[in-house]
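Have a look at the structure below before the remarks.
We just call them A, B, C and D in the order they show up, numbering each chain from 1.
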Amino acid sequence: MGLGIDVRNRIAKRAAEEIKNGMVVNLGIGIPSLVPNHLPDDINVMFHAENGITGMGPSPKKGEEDENLCNAGGFPVTVVSGASYCDSAISFGMIRRGRVDMTILGSLEVSENGDLANWIVPGKKVPGMGGAMELAQKAKKVIVLMNHVDKQGKPKIVKECSLPLTSARCVDLIITEMGVFEVTNNGLHLKEIFPPYSFEEIKTNTGCDFHW
Amino acid sequence: MGLGIDVRNRIAKRAAEEIKNGMVVNLGIGIPSLVPNHLPDDINVMFHAENGITGMGPSPKKGEEDENLCNAGGFPVTVVSGASYCDSAISFGMIRRGRVDMTILGSLEVSENGDLANWIVPGKKVPGMGGAMELAQKAKKVIVLMNHVDKQGKPKIVKECSLPLTSARCVDLIITEMGVFEVTNNGLHLKEIFPPYSFEEIKTNTGCDFHW
Amino acid sequence: MENAFNKIITIEQAMENFHDGMTIIFGGFGGIGSPPTIIDGLLEKGVKELTLIGNDTGFPHIGIGKIVSEGRAVKIIASHIGSNPVAGQLMTDGKLEVEFSPQGILAERIRAGGVGLGAILSDIGMDNEMVAGGKQRMLVEGKEYLVETALTGDVSIIFAKKADPYGNLIYDKSARNTNPLVAMAGNITIAEVEEIVSLGNLKPDEITTPGVFVDYIVPSKGVNWTWAWE
Amino acid sequence: MENAFNKIITIEQAMENFHDGMTIIFGGFGGIGSPPTIIDGLLEKGVKELTLIGNDTGFPHIGIGKIVSEGRAVKIIASHIGSNPVAGQLMTDGKLEVEFSPQGILAERIRAGGVGLGAILSDIGMDNEMVAGGKQRMLVEGKEYLVETALTGDVSIIFAKKADPYGNLIYDKSARNTNPLVAMAGNITIAEVEEIVSLGNLKPDEITTPGVFVDYIVPSKGVNWTWAWE
C-alpha cells in the first residue's frame, strides 16, 4: 500500500494499545494482521475469525501448516490455549449479539461521521461484502487502520464517501501513518499526531474539517 | 386408561409393524412408549426425543438412572450405539425439516379427516402444546394409539373434534384396541379388526362414517 | 484454578446481577439441565416479579419450578406447564401470565435473540389461536408464515458439565437441551458448572458453547432436588 | 465396515444424485472444508447449469472454485467472490448470476432452510441496495428488519473428518465452518469424510451433525488442489 513495514508496524502498535484485557477482537487483512505482534504479554485477548475460530494464535512455521486450520482469508493459523471452533452461524452470532468487542480493519474511505467504504469499487471490483458489513455494523468498537491518502495522494478521510458504503456511522477510531482520529457525535477529533508529520500536513491531506 | 397391559401391548405391537429399517421415530408417552418392546431385532431404528437425543434405548435398571440422560418427559433413558445429543433447536430442526419419519402418540380425539386433538381440555387442563404441534404437523407419518372410546364410553374417533386441535389433517393411521384405521383423502378406512371385536361393535363405537 | 479472565465467581457474587422485575432466561427441560445452585440463590435472595423464559416450568419442586411455585414470577414464556400443577393454578388464579410457544419455535426464538436476529418466520400452529393470536403474518414466496419474535433477557442462567476459565462449556448428554441457546440470549450469561478445568483442558473441537458468550462461571453445589422418577 | 444403514456409498453411486440445472449447497469457506472428491466427481460427470449456494467461490482451482471456473454454474448465492477472479469475470460477462448475501446472514439463511423455517429477520445492510434491493421489510416491536428468505437445495455436499455408518459427523478445526449448516439444508445430504469409524466409536456428546441429516457417506480421496498459501 506504499507504506513501509516500519510505518505499518507503528500503526499496528498504536492499534494494539486499544486492546484491553479480556477483549474479543476480530482482525481484518493487511495492517490489522500485524496487531498481535505488538500486544503486551500480560494481556488476555481472544482473536476471532469469522469462519469459526475464537482464540487464533500466530501463523504456523513453514511446513507446519494445517489445511483445516485457516483464518477467514484462507491462510493457515494456529490457536491458543482456550480456543474453540464453531460453525459460521454461531461465529456471526457472536458479532451480531455484540460479543465481539472490537474489529480492526482496513478501508478505502472513511467519512467524518464514521461512514465506512471498504468493500466495492464500482465498475472495477465487486468482490461481495463477505463478513465486513456485520463486523462494521455490530462490533462494539470499529477501528480503521489505513494510509492517510490513496495512491494518487488524495485524502481517504473525507466529508462524504464517494464509494458505496459498507456501513454508515460505524467507525469509532481511525489510525493512519499521520495520526489518530476519533469519530464523535460532533465529527472528527484529531487525538494524536505521529512524528514527523505536522498538524498542517494532516490538515492538507484530510478531506474534511476536524476538531483537535 | 382402562386398557389392560395385554391390550396395550397388542396396540403397541401393531404400531411396531409400521416401523421400517432405518427410520427415525419419535414416541409419545403412554402406549407409544411400549412400541420398542415389539420391534424385531434385525431392524435399525433410531428413536428421537425432542429434548435432544437421537438413538434412545430402553429404560435403565433401577439405581442406574443418570439424571442428565432423560427423555422429553423427564424420565431416565439409555442410548444405543450410534446415538447423538444435540440442542433442542436442532432436535426440532430434524422434525420441521422432515427428517423424523414417524411420530407415534396418544390422543383425546381424532376426526375422520385426521384432525388431532390431544393437548388441551378447555376450562380443565391447559398444559401448553410442548412439542406436539411440531411433531403432528411435520413428522412424515403420524400414528395415533388410543382407546377406541373415552371413560364415559363415547367415541374418540369423531366426525369433528370437539376439543381444540393440536393440528389439522395430520393423522395418517389410528390404532385402537378394536382395529386399525387409515386416514385417506376420502375419509377413514377401516383396515383391520382385532379379535374379539366385531365390525358392528366398531361401527357402534366410532363417531363417524368410514369405508372398509 | 487460575482466573485470568475474572469470570469465575462465587454464587454470592453471581447474585449481584439479579433484581426484582427483571427477565431471566433459563436453561433446562423438565428440570434436567437447569442450574440448581443459581435457582436456590435466587430463592434465597428473594427476587420477585420476574419474567421467566424457558422450555417449561419444571415440576413443583424441581428446576425453575421452585421459583414459579414460590410465586416469584409474574410472567413466563414457555412451551408447557403441565408437569407443574402449581403453575397451572397460578395461571388460573390470574397470578401468573403465561405465553405459550411451540417447543421448537421457542428454542429458535431464544436462539434468534442469542445470535442477534429480530425474528424468525414459522409455519407451526398458524391456525391455532393460542399460538398465532396477535402475531403478524407474512407472505414469503407464496407461503404464509407467522412472525415469531426473537427473545432476549437481562440474564441467562445455564448449567454445564465443564468450563474452563474462559467460560468455554461442554454439556452432559441430554442436559444440553436448551442450554447452548439460552447461553447466547442473555445480556449477561451466568453458567453454573459441575467442574472447572484449566485453560487448554477442553479440546477446541468439543466445546459446545464458546466462552465468548459466557460472562460468569459459578461452581455448582449439585442437584438438590428429588427427581420426579425417584 | 458394517453398512447397516446403507448410507456408505462410492463416489460413483453418489454421482447418481446429480443432474443439470439443479441446486447444490456446498460446505466450505475459502475452499477449506469443501469436499474435494465430490467436486471432482461433479466436474467429471459434467453436470452444468447449476445453481450453487455457499459462502464464497473459493479460489480458481480450489474448492467450489473449480466448478465455477469451468463455467458449470449459472447462478451462485454467496457472500463474496473476491478470491476467484474467474467468477468475477463470468459475472461481468453476464455468464454467472451472483446474489450477494452478508456472510453471517447467508449462514443463517442456510441454517433456516435446514431447520424448516421460512425466513429470518435481519438488520444487516438495510441501507445497502445490494443487500436490501427487492427484499421485503417488516416492523417488529418498533424496529425495521429485512426479510431474509431461508435457503434449501436439491443436494447438500459437505466435508467432515469422521463419520460412523449412521452418518453422525465430527469436523476438524476451522474446516467445520458452514458444513453443519449446509448439512441440514439439502433435500439430500452427501458427506465426504476423511475416515469412517464403527458405530459407537464417536462419543454421542462430541457429534456435531447428527446422522439424521445425512443420507450418504462417501470416503474422501483427499484434497487434490494446491492451497493458495503453498
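The working rule: a residue touches a chain if its C-beta (ideal position, glycine included) is under 8 Å from a C-beta of that chain, and two chains touch if they have at least 3 such contacts.
Chain by chain, the UniProt names read as follows: A, B, C, D = CoA-transferase.
Remember, it's a predicted structure, so these values are computed and weren't measured experimentally.
Asks: Farthest chain from chain C (CoA-transferase), comparing Cα centres?
Replies: A
Asks: Could you work out how far the Cα centre of chain A (CoA-transferase) sits from that of chain B (CoA-transferase), in whole Å?
Replies: Chain centres of chain A (CoA-transferase) and chain B (CoA-transferase), defined by C-alpha means, are spaced 56 Å apart.
Asks: Any idea how many Å lie between the Cα centroids of chain A (CoA-transferase) and chain D (CoA-transferase)?
Replies: Distance between chain centres, rounded to whole Å: 29 Å.
Asks: Calculate how many whole Å lie between the centre of chain B (CoA-transferase) and the centre of chain D (CoA-transferase), each centre taken as the average of the chain's C-alpha atoms.
Replies: 35
Asks: Could you list which residues of chain A (CoA-transferase) touch at least two other chains?
Replies: In chain A (CoA-transferase), residues 79, 85-86, 89, 92-93, 95-96, 138 touch at least two other chains, as defined above.
Asks: When you check chain C (CoA-transferase) against every other chain, which residues touch at least two of them?
Replies: 108, 115, 117, 123, 171-173, 176, 204-205
Asks: Which of the chains are touching one another, listed as pairs?
Replies: Chains touch in the following pairs: A-C, A-D, B-C, B-D, C-D.
Asks: Spell out the residues on chain A (CoA-transferase) that touch chain D (CoA-transferase) in their complex, using ranges where they run on.
Replies: Listed in rising order, the residues of chain A (CoA-transferase) that touch chain D (CoA-transferase) are 49-53, 65-76, 79, 85-89, 91-93, 95-96, 120, 125-131, 133-134, 137-138, 164-165, 167-168.
Asks: Which residues of chain A (CoA-transferase) touch chain C (CoA-transferase) in the complex?
Replies: Going through chain A (CoA-transferase), the ones touching chain C (CoA-transferase) are 22, 24, 44, 46, 48, 54-55, 79, 81-86, 89-90, 92-100, 138.
Asks: Which residues, counting only chain C (CoA-transferase), touch chain D (CoA-transferase) once they are in their complex?
Replies: Checking each residue of chain C (CoA-transferase) against chain D (CoA-transferase) gives 108, 112, 115, 117-123, 136, 138, 140-141, 143, 145, 147, 149-150, 170-173, 176, 204-206.
Asks: Under the definition above, what is the set of chain D (CoA-transferase) residues touching chain B (CoA-transferase) in their complex?
Replies: 4-6, 114-117, 164-166, 168, 184, 199-200, 202, 204-205, 207, 210-213
Asks: In the complex of these two chains, what residues of chain D (CoA-transferase) are touching chain A (CoA-transferase)?
Replies: 29-33, 55-56, 59, 78-83, 88, 91, 98, 100, 102-105, 107-108, 111, 123-125, 127-128, 130-131, 161, 171-181, 208, 223, 227-230
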